[in-house]
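Here chain A shows up in two complexes: once beside chain B, once beside chain C.
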Partner chain A sequence: MFNTALTWSDLAFLAQGAAMTLAVTAVSVTAGTLLGILFGVIRVQAGPYWSLPLTFVLDVFRSVPLLIQLVLANAFQSIAKLGWGPFTTSCVVLSLYTAAYCTEIVRGGISSVPPTTRRAARSLGMTWWQDMRYIVAPLATRVSLPSWIGLTLGVMKDSALVLWLGLIELLRASQILVTRLQEPLFILLICGAIYFLISFPIARLGGYLEKRWSPND
Partner chain B sequence: MIEIENVRKSFGTLEVLKGIDLTVQKGEVVTVIGGSGSGKSTLLTCINGLEPIDAGRIKVDGTEVHAKSTDLNKLRSKIGIVFQQWNAFPHLTVLENVMLAPRKVLGQSKQAAEEMAVKQLTHVGLGEKLQVYPNRMSGGQQQRMAIARALAMSPEYMLFDEVTSALDPQLVGEVLDTLRMLASEGMTMICVTHEMKFAREVSDRVAFFHKGVMAEIAPPEALFGAPKDPELQKFLAATH
Partner chain C sequence: MFNYTFHWNQALKALPQMLDGALITLQIALLSMLIGVVCALALTGFRLSGNRVLSGFATTWIEIARNTPALFQIYMAHFGLGNFGIHLSPYTALLVGIAFNNAGYLAENFRGALKAIPDTQTRAGRSLGMSAIQAFRYIVLPQMLRIAFLPTTNQMVWAILMTSLGVTVGMNTDLAGVTQELNARSFRTFEFFALAAVIYYVIAKAVTLAARAIASRMFRY
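Let's look at the complex of A and B:
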């Protein structure tokens, strides 16, 4: 029969780690998405030339490995005496990282709305804002959703890297238990299962929304 | 009244409108014919300010369209335009497509907008299609929806830009019938079209555009019966 030293309180410890993973992900994806929408709209409105500085900065966030960004940001906040804790630093870095990818998703979504459709909206007397709000936003959202779900799941898993700043999230919690109980395979199995349980509803939500919107297309 | 005075417009080095003068009175139906690239569609998009102009001026009921002080969104609500591509809003039902602008631009109540939308959709023969999504309809039906969508704003002028050119031949008739109905109701219309028979029937005047110039304008009997411009004679010979 299978034996384990894992107790209910160890499981509760893992659950706390999962809660930290969820918190970091929720804050980062929310802030990153809002920033991504803002930057995406700016990129489309300003055109490739004027948005060059923004594009460059976002490219940096997309190109430099996340771990390096986290370590550098942590060192920077310490040198600049910002007094950020590991949670704040992690969320700031992950938000910008998410925003960098989300900007491209948003830009692609907006560009997918045919200019003739937008012209029809404007010809009915709608303002730029009304066109964005009632025509572009819903249509671009439909196009961008699959990529955005992918980004969210990616950020959720990449958030494991914040353990390097000392946050005890799901992966770090598992490592601690592995060190103590010496049952790496079993504990990592549980850890993987928890990641899956978090991801699955998000993926299904995406599938559900796609299906709901598809009869119109 | 739409007054077009010496309007010039270039795209890059290509001058597509070379000084157009045209006045359209209330209740008048003017059709514009001519070959591709003659500038006729560009003129329509200039009239409601979707395209800027390089010289001259366009006045609608005395308001200069391209003046900086003009509120284009307000002006556009009284100039309806329907394009070659019907440009349905694919995420909205037919009813919602038609209700959107009256609600958001004119600030109508949901009830008033819906009443108007149902009236206009019934008018163009789509009373049965209110809850359908546009992509489930034929091109002709979508184009009639686009007409109803423009009409729901209660425009005083309607501009039609080759509204049957992208349709399958068997669907052209239903859209032209809708235009005929509007003309007979006294709507002021400028129609850019390739349908000569239609132009002959509904127009008060027909204008022939050639290479950015309005080469001839006359009532249909005169223009089709005794064309003076040599390019027009060639054009009519080729289209008959």
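Let's look at the complex of A and C:
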């Protein structure tokens, strides 16, 4: 009834692609989040006027298509003779891309903590660092975590674009199989199912946390 | 510093060609948004209809659109549909892919906007003697549009950025496609793509600012 030339080793090839997708995502999200927290704190601390240059640069990362950013970074690294492979280039671009969005999330989270709460902490004799660590961080995390999960999934999906640099991630792996086996629909469906299986449960968790932690109940 | 001579002139000479490409980009983005909004309204209606088949269809569409990469959706339109004997040109495939994606995200926005309007509003309208349709048209819809407007313009910016994915399925008339062709002819990758990035940035900013201006005019209390 249904015949396919797809073998187990092809499935293993797809799984390798998926692993590459996850690896790129993990590296980029980790680095991007750390940078994003740093930039977010700087933006809140420096105020809108002094952080204008930072805001502008991060805005560029959000207003230029990721594909163009990847091509530009790849061209730049060969011009500057940095000798980065596609994996490094992809991770650098995606990290900055993540950081640009994460900064907004972190800033939103920190701004959601009422200034009075922070002043109360400071008047109890807490240092700036203690205030950040014990008062702001727990409260801001509750506000930011659902959108951060959304961001992580967004980066996971956008990481498909690194195929343009020749990195064999999930979508590229399935494209290679399509070229060989000529069964585009079936293989793409498997590929889509893998993306869906990674993304959907985490998206649901994010939605649940958002409902559970929303401040109005 | 770099052992490389930048040839910006070459890129600037190609600017008119790239601006033509930018128009195509805008055209695809606008069309995909129009189709997306219509589909999203239909999906929102399906979800509220209470019909299990319709709401199941809507939920499937929305979850697939939101949980798989946009590039995958475009590939699906371009390569996947070939299995059914439907062969779309890169332009159509790109349009279909982005419109599908837009519809999924917009439907979620519209649902959120609808949920933000209390039921009591509809009931108040009904008790004033409005029909269900009138209550929806005059009470709920204007408020919903107001709430959904900004997310929708965000989606428009997303749609513009997503059009750049067309180059992966062989699109060569939009901004990214034109740039890629110029690049293939001259190998001045950095110059051409830097110029393309500037154009994308300007378009994205222009759309955002225009949307803000429209919002401040339309949604005055």
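The definition used in the following text is that the second predicted complex is superposed on the first by the 201 of 217 C-alpha atoms of A that agree within 3 Å, B and C clash if a C-alpha of one lies under 4 Å from a C-alpha of the other, contacts with A are read in each partner's own complex, and residues count from 1 in each chain.
Here, a contact is a pair of C-beta atoms (placed from the backbone, for glycine too) under 8 Å apart; a residue touches a chain by one contact, two chains touch by 3 or more.
Remember, it's a predicted structure, so these values are computed and weren't measured experimentally.
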| item | value |
| --- | --- |
| Chain A as common anchor, with chain B and chain C clashing or fitting | fit |
| Partner chain(s) touched by A:24 [first = chain B, second = chain C, both, neither] | neither |
| Contacts of A:173 with chain B and chain C, given as first, second, both or neither | neither |
| Touched partner set for A:123, first chain B, second chain C, both or neither | first |
| Contacts of A:72 with chain B and chain C, given as first, second, both or neither | second |
| First (chain B), second (chain C), both or neither touched by A:139 | first |
| A:35 touches, of chain B and chain C: first, second, both or neither? | neither |
| Broader residue contact with chain A after superposition on the shared chain, chain B or chain C | C |
| Contacts of A:60 with chain B and chain C, given as first, second, both or neither | second |
| Partner chain in contact with A:91 - chain B first, chain C second, else both or neither | neither |
| Contacts of A:190 with chain B and chain C, given as first, second, both or neither | neither |
| Distance in angstrom between the closest Cα atoms of chain C and chain B, superposition on A | 24 |
| For the chain A and chain B complex, residues of the former touching the latter | 114, 116-117, 119-127, 130, 134-135, 138-139, 142, 213, 215-217 |
| Complex contact set, residues of chain C against chain A | 2-4, 63-64, 66-72, 75-76, 79-84, 157, 161-165, 167-168, 176, 179, 189-190, 193-194, 196-197, 200-201, 204-205 |
| Complex interface listing, chain A residues touching chain C | 60, 63-69, 71-72, 74-76, 79-81, 153, 157-158, 160-161, 163-164, 171, 175, 178, 183-186, 188-189, 191-192, 195-196, 199-200, 203 |
| Complex contact set, residues of chain B against chain A | 48, 50, 73-77, 80-81, 83, 85, 87, 89-91, 100-101, 104-106, 133, 135, 146, 149-150, 153 |
